Amino acid sequence: MGLDKYQIAQRIAQEVKDGYYVNLGIGIPTLVANFVRQDIDVEFQSENGILGMGPFPFEGDEDADLINAGKQTITALPGAVFFDSAMSFSMIRGRHVDLTILGAMEVAQNGDIANWKIPGKMVKGMGGAMDLVASAERIIVAMTHTNKAGASKLLEACTLPLTGVGCVKKIVTDLAVIEVRNNAFHLVERAPGVSVAEIEAATEGQLIITGPVPEMIL
Amino acid sequence: MGLDKYQIAQRIAQEVKDGYYVNLGIGIPTLVANFVRQDIDVEFQSENGILGMGPFPFEGDEDADLINAGKQTITALPGAVFFDSAMSFSMIRGRHVDLTILGAMEVAQNGDIANWKIPGKMVKGMGGAMDLVASAERIIVAMTHTNKAGASKLLEACTLPLTGVGCVKKIVTDLAVIEVRNNAFHLVERAPGVSVAEIEAATEGQLIITGPVPEMIL
Amino acid sequence: MIQKTVADVHQACHGVEDGMTLLLGGFGLCGIPENAIAELKRLNVRDLTCISNNAGVDDFGLGLLLQSRQISTMIASYVGENAEFERQMLSGELNVSLIPQGTLAQRCQAAQSGIPAFYTPAGYGTEVAQGKEVREFNGKMHVLEHAFDADFSFVKAWKGDTAGNLIFKGTARNFNPNMCGAATITVAEVEELVPAGTLDPNAIHIPGIFIQRIFQGAHYEKRIEQLTTRTKDHGAR
Amino acid sequence: MIQKTVADVHQACHGVEDGMTLLLGGFGLCGIPENAIAELKRLNVRDLTCISNNAGVDDFGLGLLLQSRQISTMIASYVGENAEFERQMLSGELNVSLIPQGTLAQRCQAAQSGIPAFYTPAGYGTEVAQGKEVREFNGKMHVLEHAFDADFSFVKAWKGDTAGNLIFKGTARNFNPNMCGAATITVAEVEELVPAGTLDPNAIHIPGIFIQRIFQGAHYEKRIEQLTTRTKDHGAR
């Protein structure tokens, strides 16, 4: 019942259009690269300084000077380019990156996102997330609909410290595709076999349902 | 009587120390490069994007892609480097350039400088002068002591639109070397054969004379 | 790789309209987008606001658009020797805004970087600061300056690839890299266009993400404004 | 050319004192100034404020200085997996300031460029903006951020020349170029030091004017933090 993380990535990959420069966050977003159609031109940006990021290297080909923002060894595709951190965030802050896909702990119905800090727990830092969410025109959140305790992560208002305000436009969870607008969650698609009632039950914030909700096509 | 422009440049060249990065303005300042001691290491920056600027090219060696800020064809010395305009002004604004030498129409006893605009006349623009004077720690002005009409260019207050405020520390004219501090001109050296009285007569602003004033050694 | 190649200068300039604001690279006549300027003249788009360090000479560079009175406002740091420019400025036909060269570069850079405004010491206490917010930082006064907001940016590079990656040459680099991505659409013209994957990824000055259209210029005159040479026996440093 | 070469890492670190603020290049363990960090450990300078994107791992990178409790304040965007860091942070021994990565980069860039402050949208509406001036530009809220003010900057490049000109390699470039000239003294360590005039003047990432001291590191471990590979038959894009 509901999508696994690969299926979430697979559904998000449908949002990646020809000609997009895309920044992928750590976790499920990283998996999206595997599912993007091969017949369109897309370039992946990693904020530590590469555009045209390729797959992981074959064993023995790894290069300590070639990593992604998750510190994993990667490869560079033909036509790739390296640059410094200030230029990297010029791409992000200057809205040259077309699509940002990242994980979240909570999203609010006004588009607020919290994904970096849980009070009382060890904080790792926001990395580039605050720059990404404050700047990107298209932000897709990839996450499970509820947390491990079963509580909704789609809230009327975030309870955790914010990463950005009013910035999330679309959410893809294990249960549904949701658009965020007019201070409400709008149910666009449901995962195969998941009922609208289940999604309603798992959504704490205001959920708008208009007409029949189609199943995702994966 | 008084120095010619080559001698002004020759005297200023004595202010250029080993290890200095130097920006030379158009006119007399450009001549300074010819008189810098050959046994010290100095690099000339031109704000259009070169560090390690060399002399003019030999006839036939000129390159349209290699000019200085005066739009003259130049050469690049071994170890030179090219960069964009933003980085060029990072060097200037960030105080990485050690010495700026430029011309002026007027300097005031508080260090104000006017060198870009005469009301009612065609204005060419300030180019990089405002950035240079607002940022440089060491600024030397190269100019004649009086204008063509015989009026002093060392004033109590500038009458022309300013290029920068309180920034000039030293002036080398055809008549004298002057330091600017404590809201006054301080006479440091006089040109060979020029009397203190002549300098006083040619200086409209407050001129401080302490003890005997040595002649320049050229 | 995402492809940025357009067939020619005509396609590259598609969408430029009367009244638009344009950024144009180059310093003097060095590194100017010659082919785009020629096309803008052919298109006869008018009432342009042109932001460029200089305004060309009478019969080359932006001087060509001044001749045909296509420019209504010029934003530059130094306008040099240009008789037609002077005539239009003094007659009031041409609106001229002169700004410090470093501020010009940084306002481009800010537009590229999504930095709406920054403080610079340049121009404090001068007429350049009139009407602008000033503020003290570290005991020194600064002026608040804003990112440019332009419709098109026209830049010229030495080599470029089909993905829009650019390499500049010598001092023809100047404002060109700073203007990439500083307008809604950036058009790059290059002397040599190569397939993506040909250029060293470590030696690219401007990544293709900042470029919307790239083409190889049909011809480059690369005129020299001030030819200066020395004789063999003159040892100027 | 002005010579920037120093004999070794010992001379390169001369003048680093207790209580100083240091900028250190690198992203994770990629492109970190390994030799300078080792020397700082040997020098046992204490009460340091370190500004770096990350804080190393327990036994490498800045983790080495955390082990010996030489760092009192850490300014970073992401501190990753580092047990000793976590212990010192939770016990209150270590002061930690987490800031957005792009803001970190731009505050370095601003220090290099003599821009005392700038506006960025990053962090608006979050605790990062607390106590800071916020302002609307173009209908969007921004936060005022300031240039860093550091004593030493330690960067690592691939190749450098005796005039201090630097070329970086791959993603080991990261924050290194932005930190050059962003402190009173910038120390560059390189894998290969060549005579001035050897490097292509068109391909230099950072001109020597931003560097005060340069040396060739005696040894580079270049440890990989997350070794990830694929098998021949797995076609991950």
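Labels A, B, C and D are assigned to the chains in the order they are written; within every chain, residues are numbered from 1.
One rule holds for everything that comes next: a contact is a pair of C-beta atoms (placed from the backbone, for glycine too) under 8 Å apart; a residue touches a chain by one contact, two chains touch by 3 or more.
Predicted, not measured: the structure shown is a model, and the values here were computed from it.
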Q: Check every other chain and keep only those touching both subunit B and subunit D; list them.
A: C
Q.
With contacts counted as defined, which of the two, A-C or B-C, has more C-beta pairs across the interface?
A. B-C
Q. Which one of the chains is farthest from subunit A, going by Cα centres?
A. B
Q. Subunit A to subunit C: how many Å between their CA centres?
A. 36
Q. For subunit C and subunit D, what's the span in angstrom between their mean Cα positions?
A. 32
Q: Could you please state the distance in Å, as a whole number, between where the Cα atoms of subunit A are centred and where those of subunit B are centred?
A: 56
Q: Go ahead and note the Å separation of the Cα centroids belonging to subunit B and subunit C.
A: 28
**Q.** Numbers and ranges of subunit B residues touching at least 2 other chains
**A.** 76, 82-83, 86, 89, 92-93, 135
(Q) Can you pull out the residues of subunit C that are in contact with at least two other chains? (A) 106, 113-115, 120-121, 168-170, 202
Q) So what shape is it, when you link every pair of chains that touch: line, ring, star, complete or other? A) other
Q) If you go through all the chains, which pairs of them touch? A) A-C, A-D, B-C, B-D, C-D
**Q.** List of subunit B residues in touch with subunit C within their complex
**A.** 33-34, 36, 38, 46-50, 54-74, 76, 82-86, 88-89, 92-93, 112, 122-131, 134-135, 161-166
Q.
Considering only the defined contacts, which subunit D positions touch subunit A in the complex?
A. 27-31, 53, 76-80, 86, 89-90, 98-106, 108-109, 120-128, 158, 168-178, 205, 222-232, 235-237
Q: Under the touch definition given earlier, write down the residues of subunit C that touch subunit A in their complex.
A: 1-3, 111-115, 161-163, 165, 181, 196-197, 201-202, 204, 207-210
Q) Quick one: in the complex, what on subunit C touches subunit D? A) 106, 110, 113-121, 135, 137-138, 140, 142, 146, 149, 167-170, 200, 202-203
Q | Contact set on subunit B toward subunit D in their complex | A | 19-21, 41-43, 45, 51-52, 76-83, 86-87, 89-97, 135
